[in-house]
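Please find one structure pasted underneath; my questions will follow.
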Amino acid sequence: MRRLLDVEGLSVSYAGAPALHDISLVVAEGYVTALVGANGAGKTTTLRAISNIIRKTGSVVFDGREIGALAPDRIARLGVAHVPSDRGTFRALTVDENLRVPTALSGNRAAERDDRERVLHHFPRLAERLGQRAGTLSGGEQQMLAIARALMLRPRLLMLDEPSFGLAPRVVEEVFAILRRIRDADRMSVLLVEQNLGLALAIADHAVVLDAGRVALAGLPDEAGRLQIVRRVYLGA
Amino acid sequence: MSAPSHIERPAITAHPLLTGAAAIAGALALAAGSEATGIVASYTFLHLSLALVMGIAVLGLNVVTGYAGQISLGHGAFFAIGAYAMAMAVGHAAAPIWIALPLAAIVCFCAGFAFARPILRLEGPYLALATFALAIAVPQALKYRHLEPLTGGATGLHFVKPDAPFGLPLSPDRWLFVLVVVVAVVAFGLVRNVVQSGFGRSMMAIRENETAARALGIDTARVKGLAFALSAAVTGVAGALHALLFEFVSPDSYRFDLSLAIFVGGVVGGIATLPGALVGGAFVHLVHRYADAVARALSDTFDLPLTLQPAMIYGVVLICLVYLAPSGIYGAAREMVRRWWMSRPNAGRKPAAPNAP
Amino acid sequence: MEQLVQQLAAGLSNGAIYALMALALVMIFVSTSHINFAQGEMAMFSTYLAWAGMQSGLSFWPALAVTVAASFLIGISVERLVVRPLRDAPHLSIVVVFIALLAIFHAFAGAIWGFALKAVPSPFADWTVVSNPYLGPHQLGMLAVTGMMLAAILAFFRCTRLGLAMRAAAENPTSARLSGIPVDTLLALGWGMAAGIGAVAGCLVAPVLYLEPGMMSGVLLYGFAAALVGGISNPAGAVAGGFIVGIVENLVAFLGARFEAATGIYVFGTGEKLTLALVIIVAMLVVKPGGLFSGHRRERA
């Protein structure tokens, strides 16, 4: 098992109030790691700290290289794709333009076309709406667009922040089916933040439980570990 | 963090009425004393008055921009209207000052309210443009042909400032200085009370989040309109005093640079603070008065390839101030005093310091 | 009628300049949400550079090309040295910094080149291709250049990958960063482009207004109004706004003169032109706060 992402001693404060204390976690290459916990436990903050869009202390090593001090766009170009919880849709741009943002300043047009082809293969719904303004898409479609845009970075690590948030159960199912397909097709390494524990544990190979900004538990979502994780998240014990 | 607040507050907070009374008494004593001995030149009093007048103008801007959060790049317009109200009342109607000053305030209050009602629907750059447009339009409107008999057109109006009342043996500059101090005390007291009232809290709620303020049941249009009107009245009184000091008004004395200067004074002094308005006013006046001399002195001292212009000094000083004192000169000074107070050798020996080891 | 057409034509040619200033303001606004009050003075400074180039023997167009390149660098430097370090400063402080920049550019132009009026030759002096009684060759040339600039800018945003990246960065900087776009670099680039556009505006207006340090102060206000009338983040709207402002300004003076001729009563004339134009523009904005071309209320909080 190769460590693709190695986070150590990560701490974050918002306006003097600590939000993360000394978090450490590992994402293994080719596996899905779920980051779970109650509301306000620090899951989103962890992803934002890894992408360096908020101030933090501690070390983040990606693929053997310290990336803690790099600018967010550098980190993205190195292959860490972050799908934020607000989905980051460029509403005024078309679906096609949204997909071309990550490759706008790197790579050539031919490679861009190939990548788009490959990504859209997973998202037939987007392929039908390439010329439409992204702001007019439904919530589920915007989530798919966000994941597709992240894939356009040719990421080695995909960080997803609550992909199920605000979506109807049927749409959530669709999104997760696509995620599963992507994982199986590309052996993509994923760090998944998810409020819906059932969904998260069903897809994850490994789970980390956050509680009030601290790692409470890390383990396997097998029969034995599952119960422990569920108790830890819901009962805090 | 939970230390009692009296530890963190170094200044002795005197009663505001006492402060005001002391300021007036001090001004009177200084004026009378120097009249007798000639220690302070009459001319110096003029400059003190001008700095204080700018302070009152900045205070006015502070009401609407600092406390209510609505940008105005056009307060020079109300300064001008106040000045003309004074000049016309004294020059045409020979009104005494104690009538002309409140009159100027009322005129500006009404002008501010009339302007604000439609305009304050605008936000951000739109509001900036609308107020800036006012700053450009008013000096032009003062030159309007059909108003010439009243305003004197482009040449402006001369009038004679009245002598000191009660037969006080003070030179005009000295007694006007006392007058300016009295007006300043009244204006600062008024604004202080307004800011601390329920109305003031409504203003600040609008500044923080207008939608939320509306949800709380605040009539935001009314509050913003009144805030703007009060703001215009205070700045207008400053304009009236300015006219009195110079015994002259003309459209070109109140060009848009004046509006920018008032705005700069507000931000540089310390927005949404009362002492900051005084500091900002003094800053504006000092720059106006000394930038030229500084530029010339620097050009003479160093062998520069080009002549320094006062505006260069002004611009560079402004940028440095925004860097070094992002919350204004007053805010930075208060912070320094607080640090010093906390770092006194016996500061740690105070009984309540829970997070001290 | 004849006179009306003449006034409209004059409004169009003034409008072309306002449109260019508005374009420059829009460039910076879309990426930073700031109105650069120093834009006009920066354009004036650039025009002096072009004038200096012409004094040293260059003809108009090469001098303009060199000036646009130099202005681009000046714009980038201003962003890097002055604006970027204040990224987190309160909005009002940034307005103060723009006022400071305005003073500095004004003072430097005066110190280097003096305050006397300088004549700048029109590059279109021998443009007699389309002769008509309403627009002189220089006015026609200004209209043509404005149209070309707008087309170039729209094409840049619509058709180039850099333009796409800039649109993305303007709309959602965080998401753009997460998509690998170096937003900070693009900000500096936006400043450079705005300064370049301003330089073109300055060089075109100089043959009409004569070159002096205060040349652009009036133009900036109109450009500001034009940008807002057209919807502050919309380049095409900014150009349309420029023409609207130019025409309104000239119509005001024209109608005033006609009224006086017809009734013998002076109501308003050239002296009130600026004031009335501003009143009309502000009234337009009060009625339609998001600009004339916005279908819905603007979203900015």
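We call the chains A, B and C, going by the order they appear; numbering starts again at 1 in every chain.
By our rule, a residue touches a chain if its C-beta (ideal position, glycine included) is under 8 Å from a C-beta of that chain, and two chains touch if they have at least 3 such contacts.
Just so you know, these numbers come straight off a predicted model, no measurement behind them.
J.: Taking each chain's centre as the average of its Cα atoms, which chain lies closest to the overall Cα centroid?
T.: Centre-most chain by C-alpha means: C.
J.: Measuring centre to centre with C-alpha atoms, which chain is farthest from chain C?
T.: Result for max centroid distance from chain C is chain A.
J.: Out of every possible chain pairing, which has the most C-beta contacts?
T.: B-C
J.: Using mean CA coordinates as chain centres, what's the gap between chain A and chain B in Å?
T.: It comes to 52 Å between the two C-alpha centres.
J.: Express in whole angstrom the distance between the two chain centres, defined as the mean CA positions of chain B and chain C.
T.: Taking the mean C-alpha position of each chain, the two centres sit 33 Å apart.
J.: Please work out the Cα centroid separation of chain A and chain C, and write it as a whole number of Å.
T.: Comparing mean C-alpha positions, chain C is 43 Å from chain A.
J.: Give every residue of chain C touching chain A within the complex, in rising order.
T.: Interface residues on the chain C side: 161-162, 164-165, 167-168, 171-172, 174-184.
J.: Show which residues of chain B lie in contact with chain C when the two form their complex.
T.: So the residues of chain B in touch with chain C come to 65, 71, 73, 118-119, 121-126, 128-130, 132-133, 136-137, 140-141, 143-146, 211, 260, 263-264, 266-268, 271, 306-312, 314-316, 318-319, 322-323, 326.
J.: Where on chain C is chain B touching in the complex?
T.: Interface residues on chain C, with respect to chain B: 29, 33, 35, 82, 85-86, 89-90, 92-97, 99-104, 106-108, 110-112, 221, 224-225, 228, 232, 266, 271-272, 274-275, 278-279, 281-283, 285-286, 289, 300-301.
J.: For chain A, which residues count as touching chain C in their complex?
T.: 51, 53, 71-74, 76-77, 81-82, 84, 88-93, 97, 100-106, 149-150, 152-153
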